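Two complexes, one shared chain (chain A), two partners (chain B, chain C).
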Partner chain A sequence: MPLSVDERWDLIDRISKQTVEFGAYKHTLKDAIAELTVKPLTGLPVAIAVIYGFWSFFCDFAGTLFTDGFMVKLFDEHWLPWLQSVFPGGLGNPFYALMVDAGHIENGVLVASDNCFEAFGVLTSGLFVVFGVVLWAILAFYLMFALLEDIGYLPRLAVLVDTVLHKIGLHGYAIVPTFLALGCNIPGVTATRTLETRKQRFLMITLLSVFVPCGAQIGIMQDLVPEMMGWIFLTLAIGYLGFGFILNKIVPGKSPEIIMDVPPYRMPVMKNIVSKLWIRTSKFLLVAVPFVLLGCVIVGIMYLPQVGAMDWLATVLGPFLMSWFGVPGETVSPLIAGFLRKDLAVGMLGGLMEQGIMTTFQVFTSVVLLCIYFPCLATFALMIKEEKWKEFIGSIASLVVMVLVYGGLIHVVGIMLGVA
Partner chain B sequence: MNEGEEKLGQIYFAILGAVALAFGAAELIASASEGFTWGILDSSGGADPMFLPWRAIIILSVGFFYLSSVKNFAEIHQLAKAVMASIMIWIVAGMAIWSRIAGSIPGEETWFNSLEGFLASYAPPYCPEMFLLPFSLVIVYYVLKEKETEK
Partner chain C sequence: MKILLMGHPNVGKSVFFNRLTGTKVFESNYPGTTVDFTKGWMRLEGEDVELIDVPGAFSLEWKDQAEEVAVKMLEENRDSVVVCVLDASKVERGLYLALEIIERGYPVVVALNMWDVTKDKNIGIDVEKLERILGVPVVATTAISGEGFKELVSKIKETAPVKIEKIIKNAGGGESAAVSG
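After this line comes the complex of A and B, so read on.
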């Protein structure tokens, strides 16, 4: 016989009296620390310290130790000269240019490259970008991310940024896809499934694909323009919040409040960290390696004098790029490569920088443009899968508007400051 | 913790807080210019000057945390502030040490650094957080005392 509502409550009372111990709960030190890290006045300085630790570790692990310490030597001093000496064809041969070294013109003469950023070959630039730079950046990023996750700090960060993210139609947990996208945009876009409404998902996916650079790209940027990183991130953060605010006003739909469960701090388990690191890094490499190598092939073919596509594009788009964004026509090739892999594209900018084609401000604008102008092909494909057609077209339209407006705005600021 | 330990903690962390504030202010001033090196104290930001203002803000916060924890130091929430301040020092100083380790392993021209080069990487000058690090470890004693009380 079923119980009435009153009988059910009586039963709950009896069970709770037998099982629950009532009394005053004394706060432990762990509780007090947990509280401090979610209160804005004390939590924000702690968040600044945690992000500092995250970023310092990332730079020294990926940049100083592995890329600059060992990989640059391995690729530039051993791998590139060896390939240049044994690969058939030689400088000027189309297949050699595609696979090893396209070379560059100096005083009207085609000369061999002396580093893998300039070579543009599948076996040189392609492998260097993936295994010389990106792999270590991704490892460092996912290691720190897994640590923060398992310690229990991420939900606290979500509580801290909740108020700010509400201004752009999101809530604190949007920090999780944002952080994930800083590793790779693909898991970031996938993680938007945790957001409640279609509006929030649309906002998040659009902002991620434009203003959040992936770990691979950050790794290359850190290697090429370390002195500009602060400004680049500041520019991207302003764009993320500014355009998020505008999109929130324009896009119809709801942005509901949520109640967050904040777990206690825990000691991370090494086995879990290692398995997360392995799963995320291997998945990333499976996606990244084919796209980087394919990117090298496509860009290499377009660069071939026999094809002449890159010269033609640079001539056609050069005036627009120069007048609107203030960057030279040569930037067109990294922009095309960026559609396949942005890390490869930033690497190509490195080649242009070393040839002295761009001013410092043009390098800054080009790096920001590469971040914001279009998601990489893998993210693009995932956007089609994750969004409805109407939303996808909306995302692309917003993206084009944002790039034109923000890219132009950066150029205007440069002119006003007298640096563009 | 007993009254004597509380009193000692108050005086100790008040001094440490004041020193941290002074270091933070110095780093903030240094970040506005090109930084400075004074004897064994280095506030130049090294290879990455963008970290200098960031570090200055953290160390200033550490100073405020320590100083605000002094009143009623034995109370759990006050003690937690001192613990957080110490953790923040461990993060910044830990990263400074890690930076030296990362830079000391590979050589300039060779794969690995020479023994002399390796050891030279750890020579002074040091950033202010490295000087605060050993003094911040005193908090471990108070944490252990608090754990005893909790039991």
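After this line comes the complex of A and C, so read on.
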């Protein structure tokens, strides 16, 4: 016969009295550090320092050291020219365009590309995006993340941001799915299972899929528009908090308080860090590589002059994109690629920037739009699996509204500032 | 026979799983890493036995989806031995879950994990006495270093279901407990 809750605690009390003895507890250095990192006065500066360190490592290790220092040179100066010289077909040939270089029109003449953002072939841009840029960003991100995880810092961060996140119907622990999603949205969405109510999961999944860019995307953005990153993150954070606040008001359901364990700080174990890094990175490559290459092929085909689908879409959707968001019709192609992979899509924006057809503000708006307009296909599929139908439709509906409102708002702000 | 690994979030179930099966699942120093269950195989006295890493649960009266999965796993595998992993520095809380599982009639082995932390915190636990009261094997373990694992594995086949009334009696409070209920 099962016991009642009280009877069970009675029994436990009796057992522990006979078997457990608490000695005098000594305050250790570990405890002192633990307290410093959760008290707001000292904890906030520590949090800022940690995040700043995280970001610097991300930029220096992935961006400066690997991508700019090594991969860009390898791909642009050796790989691309070599392929251009040996691949059969040549400029103007459809298969050559798909695989190596589609080229672009300059003064009415089709000219070859001189970098892998522009070329847009499967073997050039496709491989460059994955192995030249994104892989290093993902590695840097997950290395830092694994360290923070195993030391036990994340729950402390959760305690610190608890008050803020309560305003948007979540609690401090929502920082974990959010942080995970910054690496890849897929584990972020999965991690929402630790949230208690359907309302909280709905809020979290919706906000994640709209306002949290993934590591692959951040890596590419950092490479293309490093000077804008601050503004981009600020815009996304305002959207996350602002729309979270509104959704919390209109979505029915409860947002209970969480009672969470803050684990003790521990020394990370090297073996564990390495194995996590390996599992996460290989999982990432498994999803990313096929999608990026597929995306290259699909967009490449739509671009072919013989097909002309991209020009047609740019003409049809161009006026809407221009009047509502203030971005040129050409952004249609990255937006389409973005359904498959965000990193690829941002890479395509790079190609457009190189051709000089966008103002700085338009680049900014396009990058933000690419972040928010649709979760990538893999995340989208996971949302179908994780959410009940009603919530899924709710997520998509909120997504559409948020993109239109927020994208339009950014345009309006640009007009008022006189930069749009 | 199957073996279920159960316990609170962040008590080291995933480390247990990795040690016992050699398969890799995530270990992180925060609660809730395992939100889905993971299966693996381990050798037990020359026999291949399935081991399931169940998501962390505080109690069988589930409150979040991870706990819901945990309860389902338990109900779907009636023929299992449950290795209940406790944080040794918070025995009382862990015992709540252990007792719930025992009450449901499962054979249980209790692992007092993070044994090293109890020494840091100067907590003394009388393992033998606890074992006598519960009537199921109790083993002190430190999963990260592997301490206590051999003993734990050797106890898996020894354990059997225990009636909760017997535990109440062993704890020395048969009548009063019945009255207070």
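Please note the rule applied: the second predicted complex is superposed on the first by the 396 of 420 C-alpha atoms of A that agree within 3 Å, B and C clash if a C-alpha of one lies under 4 Å from a C-alpha of the other, contacts with A are read in each partner's own complex, and residues count from 1 in each chain.
In this section, a contact is a pair of C-beta atoms (placed from the backbone, for glycine too) under 8 Å apart; a residue touches a chain by one contact, two chains touch by 3 or more.
Computed from a predicted model, the values in this text were never measured in an experiment.
Legend: residue contacts after superposition of the two complexes on their common chain; A:Y52 is shown touching chain B, with no touch to chain C. In the superposition on chain A, contact is made by A:T28 with both chain B and chain C.
Taking chain B and chain C in turn and counting the residues of chain A each one touches, the greater count comes from C.
Judged by the touch definition given at the top, the superposed model places A:L36 against chain B, while chain C stays out of reach. In the superposed model, A:E227 makes contact with chain B only, not with chain C. Touch criterion not met for A:N115: it reaches neither chain B nor chain C. Once the two complexes are laid over each other on the shared chain, residue contacts for A:T359 go to neither chain B nor chain C. Residue overlap on chain A between the chain B contacts of one complex and the chain C contacts of the other covers 26, 28.
Within the complex, the chain A residues that touch chain C are 1-4, 6-16, 18-26, 28, 149-152, 154-155, 176, 190-191, 193-196, 201, 260-261, 263-264, 266, 269, 272, 275-276, 279.
Touching chain A in their complex are the following residues of chain C: 8-10, 24, 26-32, 35-36, 63-66, 91-92, 95-96, 99-100, 103-104, 117, 120-127, 129-130, 133-134, 144, 164-165, 167-168, 171-173, 177, 180-181. Only residues 26-29, 31-33, 35-37, 42, 45-46, 48-50, 52-53, 56-57, 59-61, 64-65, 68-70, 73, 226-227, 229-230 of chain A touch chain B when the two sit together in their complex. Of all residues in chain B, only 47-51, 54-55, 57-58, 61, 64-65, 76-77, 79-81, 83-84, 87-88, 91-92, 94-95, 98-99, 102-103, 105-106, 111, 143, 146-147, 150 touch chain A in the complex they form.
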